[in-house]
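Alright, structures below, take your time with them.
You will see two complexes here that share chain A, one where it goes with chain B and one where it goes with chain C.
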Partner chain A sequence: MPALNIRQLLLNVLVVALVVAMLLPLFYMITMSFRTATEIAEAPLGLPDRLAWENYAQAFGGMNYVRAVINSVGITISVTVLTALLGSMAAFPLARNTSGFARIFILLVALGLATPNFVTITPIYVIFRDLGLLDTYLGIILAFTALNLPLAVFFYVGFIGAIPKDLVEAAKLDNCSDWQAFWYVVRPLLGPATATLSLFVMLMVWNDFTYPLLLLTDKDKFTVTISVYRFVGNQNIQPDMLFPAAVLGSLPLLILFAIFQRRIVAGVTAGAVK
Partner chain B sequence: MTEVTLQSVVKRYGDVQVIHGVDLEVNAGEFCVFVGPSGCGKSTLLRMIAGLEETTEGKMHIGERDVTHMDAAKRGVAMVFQTYALYPHMTVRDNMAFGLKMSGVPKAEAEAKVAEAAKILKLDPFLDRKPKALSGGQRQRVAIGRAIVRAPDVFLFDEPLSNLDAELRVQMRLEIARLHKELSATMIYVTHDQVEAMTLADKIVVLRAGIVEQVGSPLDLYADPDNLFVAQFIGSPKTNILKGIVIGSEGDSLRVHLPQLADTELDVACGTHMEPGKDVCVGLRPQDFGPDGDVTIPVPVEVVESLGGVSYAYANLPGLEEPFCIEHRGRSRPEGSVIQARFTSATALLFDPESGKRIR
Partner chain C sequence: MTSYRSMILFTLPAMIVLGMFFVYPIFLTFQMSLTNFTGVGEAENIGLKNYDRIISRSRYPDALWVTVKFTVVVVLIQTLLGLAFAAMLHRLPAVRNFARAALFTPAMMSFVVVGYVWQFIYSPFSGGLNAMLRGAGLDWMAKGWLGDPDTALYAIAFAHIWMFTGYTTAIFLAGYANISSDIDEAGRLDGASSWQRFRHLEVPLLAPSFTINIMLSTIGTLKTFELPFIMTRGGPDGATRTLSLEIIEQLFGQYRFGFASALSIIMLVIVIAVAVFQNWYLRRREDV
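What follows is the complex of A and B.
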């Protein structure tokens, strides 16, 4: 079957090309992180002559790495927990209510998904300035939570809709209020959905650059992404600091994914099937 | 033990009315079965009693209390769902104790009640398992256990056995019957399976399209149906319905000619006077055919269904839409031959062909 073999071969080539295209920037970032500023200036795409570990030591101190990671982790976890909690709470009545109002409300939520984040930057800045939330952890956490809530609500509506309504009715007969039915019966069943959603939210919050840049000015509150940005000045860039900082910045998320890889994949597939 | 009373109960979804003014009395300690074809409103009526569906019109009482618009949890009912509706993240013990926990029952008391119910239902070895580690029958027992621990005034069962295989269904049916005897509680049970209805019920309520067709004991409904629908719905295989013409009357009996049944003529006991020439429907139960009787008819058997102890022979008679069925005793399989079937004419049931009502 030569036709099939050629097809298979082409597919394989395509897959390899895609993998290379995706890994190339990563490879470039890692090799650059071990080169000195002079080496980079001489041959921008070259390989390191030796491993300049001192770049990492400098970047580690220069970007206040530990502090930045603590900030990013704190903000990411807070936003993820808040988004999952508020999103599922909002989705519970919407998933069970089949009235026209509920459908319109879900459409409105979907509109929130379609709105580009840049559109909301100015209003959020103005509102936060008036509320005194600029340059506070609370402010950045609230902003990220609001940005991610439409996704969470939309996601949970589908998932809760698939939970048999008999369970909620049984809970009602077991003397549960709506809130108790949600908290004791529905919420514990949302584990796989929450795992998948948390993955998306964590990636978005950890990697976001615009909102922390706009809302945070105190260096002690900087997240990892804007700490990396410190090495990009108005006039010049410090590549021997920027690249190791970028590697250091991605490291915590990579480690997290490596540890929880199995569970994350299970969460994504469970979310798809159930 | 508490009685349940429904007075002109109506359920509407927008403009669509699904329950049409149902009046019903379920006595304290009675096992009442709602039976009817799919979509007849039996589950809706049960859910209305449970408080899971709003009652649009009418009154509903459990004991002395008017529960028409009362919250489901306050009605003193417990329901066993068709899907079991066990909380998948809780152990059997937690599933059974959950309602008590939500009602603020002290932990020690709740544990004692769970242990007692587990003993009744032989669930002791499974108390620490999650529902997914149980078989269908065990899950159903847990669902029943969850109802028992709450010691409700009324137990409601919504087709609880329809997800089980045939063997387990028989076993669980006996278990539910035993439970009813043991608890002497009022139970309302929904099923489309008339064998379940006949074997479990003290009282059967036959529903069609949201209307109660007849209420009575299983044997009353079988022997003395009010209309064609009940005559055909209760009893398996269903009653043969034939066209009949009144050809005369004498005292309390009518002489009826059956053109579809080899021009047989019967004398049927009937207190209603009818003029000769009037059309009637004649119902003959397959089980009424046997070795004895005053009427003999030739039946050209095409198919025999053998159930072991009893067989049913089917024939396609001219002018009849559905196969004509008779009970056939013995080990022979008379497919392809004509047998002489006998029955007693007094067992025939007469119905009005237009309204479907019984002519007595």
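What follows is the complex of A and C.
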């Protein structure tokens, strides 16, 4: 059916054209990052006359980029590990328990899933100030962990509930303690769940703006997002600062995405669907 | 199967973290919302005055209205656009994986980056959008998109939709993967056109994906703060001042901790009410 094939081909071309149109802002961001402010003012849409690397040199230093990346990586990894550990530990007894305690805990988790962080941000700020946790790595790690724990518990409860309970029973018969049953029998089976969850948590923490904006003021502790924000500022925005900072700010995740895109998309959708 | 004692021990670390940074803060929010606390010194109990003020000044219902408009526009367009992309990509295996990944890319970026880049795209003189319009001979359409109260909110909504359409598409495509190919095949054999199959077979069978997409994007947009904060600071003339932005503004702009808490409580009630209603309505719809 050649007629149908031509239709199919045209549809393919149309969809690719639409997708490319959706990517234009990215192309724009990258192109503009290599142009000087004068060039952009004179011709807002042109290609760079030459690659203005000095834009990047300026942004790289001004953002304290290396330090910011290290901070973001450190905070993100700490939160991810802590969330996965505390979440799976809590989910282990909760997954098969129907006592009042378990029910209240699950209810709390459901409430936590629906509560926007703006509801708790005021008291968290006050608590942090009183405990001296403002402007500390520990503070921001705990804040992010608390924000992501409900998701983790919810996620692991579903996953652990699907593990055959004979497995744990058998371990108990072999005189394993509850902790040994968790650590040596259940935890090794949680790999796929942990991978999906970690993806969620990492994306959320890496890109979050609100917590670092409110809880960090020390330049040396800035994450990548907040250093982009502070570097560009909010008055009289200069394109030769904005665009290179935007590119540098997105670069780490875009590189990861380029390498693992299929797994990331599959993981994030599987996680959302669960 | 696990003893009560080990249940407590296993949940203890999570309980401590959640207790200190989630449960206790929620109680504190309630308590502070009844005071005129300014962050330092003694808080005076003023009963329901904060709530009274929220209802009686038009500024706060206006912020709620802005939030609702933003949410409805984003959820509606993003869901339809994601569905359209997924329906097309379902029929086009050759470009599906490329398109899915490409559309997803903006969701990898932070609100800060997306906000700044779009702010510049919309800017009146050297912005990309106006330059494109002028290039196409549509000079009369060029304007300061974020400076006009009539367009600012929609301009921000568009950036938000741009960011997350790929996410919606991917979820719908996952839903498509769950539809048995037999069903599609049966429709085809019965002579149903592509559109008929879409309308009468795929859309009903995608009900669970609708539930997830609508709930995720609603919860995400009801608390929108970052894009309006970065792109317009709530201006012009409050046209983009969402509820979350108002909370942060009261908190860190005016140090009205008590009042910000009252706004937070209102937000909590709205978000939970909407989530419960959507969950009930959309799940019921799945069973039909």
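Keep this in mind: the second predicted complex is superposed on the first by the 220 of 274 C-alpha atoms of A that agree within 3 Å, B and C clash if a C-alpha of one lies under 4 Å from a C-alpha of the other, contacts with A are read in each partner's own complex, and residues count from 1 in each chain.
Keep this in mind: a residue touches a chain if its C-beta (ideal position, glycine included) is under 8 Å from a C-beta of that chain, and two chains touch if they have at least 3 such contacts.
Nothing here was measured: the structure is a model prediction, and the numbers come from that model.
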{"item": "First, second, both or neither for A:D178, with chain B first and chain C second", "value": "second"}
{"item": "Partner chain(s) touched by A:L189 [first = chain B, second = chain C, both, neither]", "value": "first"}
{"item": "Partner chain(s) touched by A:I140 [first = chain B, second = chain C, both, neither]", "value": "neither"}
{"item": "Which superposed partner A:D166 touches (first chain B, second chain C, both, neither)", "value": "first"}
{"item": "Chain touching more of chain A, residue-wise (chain B, chain C)", "value": "C"}
{"item": "Partner chain in contact with A:A41 - chain B first, chain C second, else both or neither", "value": "second"}
{"item": "Chain B versus chain C as contact partner of A:F92, first or second or both or neither", "value": "second"}
{"item": "Partner chain(s) touched by A:L254 [first = chain B, second = chain C, both, neither]", "value": "second"}
{"item": "Which of chain B and chain C A:M63 touches, first, second, both or neither", "value": "neither"}
{"item": "Touching partner for A:M204 - first (chain B), second (chain C), both, neither", "value": "neither"}
{"item": "Common interface residues of chain A - those touching chain B in one complex and chain C in the other", "value": "169, 172"}
{"item": "Residues on chain C engaged by chain A in the complex (per definition of touch)", "value": "1-4, 6-8, 10-11, 13-15, 17-18, 20-26, 28-29, 32, 39, 85, 88-89, 91-92, 94-95, 97-106, 108-113, 116-121, 125-128, 130-132, 135, 162, 165-167, 170-171, 173-175, 208-209, 212, 216, 219, 222-223, 225-226, 230, 233, 243-244, 247-248, 251-252, 257, 260-261, 264-265, 267-268, 271-272, 275"}
{"item": "In the complex, chain A residues that touch chain C", "value": "8, 11-12, 15-16, 18-19, 22-23, 25-26, 28-29, 32, 40-41, 44-45, 86-87, 89-90, 92-94, 96-97, 99, 101-102, 105, 108, 111-112, 114-127, 142-143, 145-147, 149-150, 153, 165, 168-169, 172, 178-179, 182, 203, 206-210, 214, 224-226, 228-229, 232, 234, 237, 239, 242-243, 245-246, 249-250, 253-254, 257, 261-262, 264-265, 268-270, 272-273"}
{"item": "In the complex, chain B residues that touch chain A", "value": "50-52, 72-73, 77-79, 81-83, 85, 87-89, 98-99, 102-103, 146, 150"}
{"item": "Interfacial residue positions of chain A with respect to chain B in the complex", "value": "164, 166-167, 169-176, 180, 184-185, 188-189"}
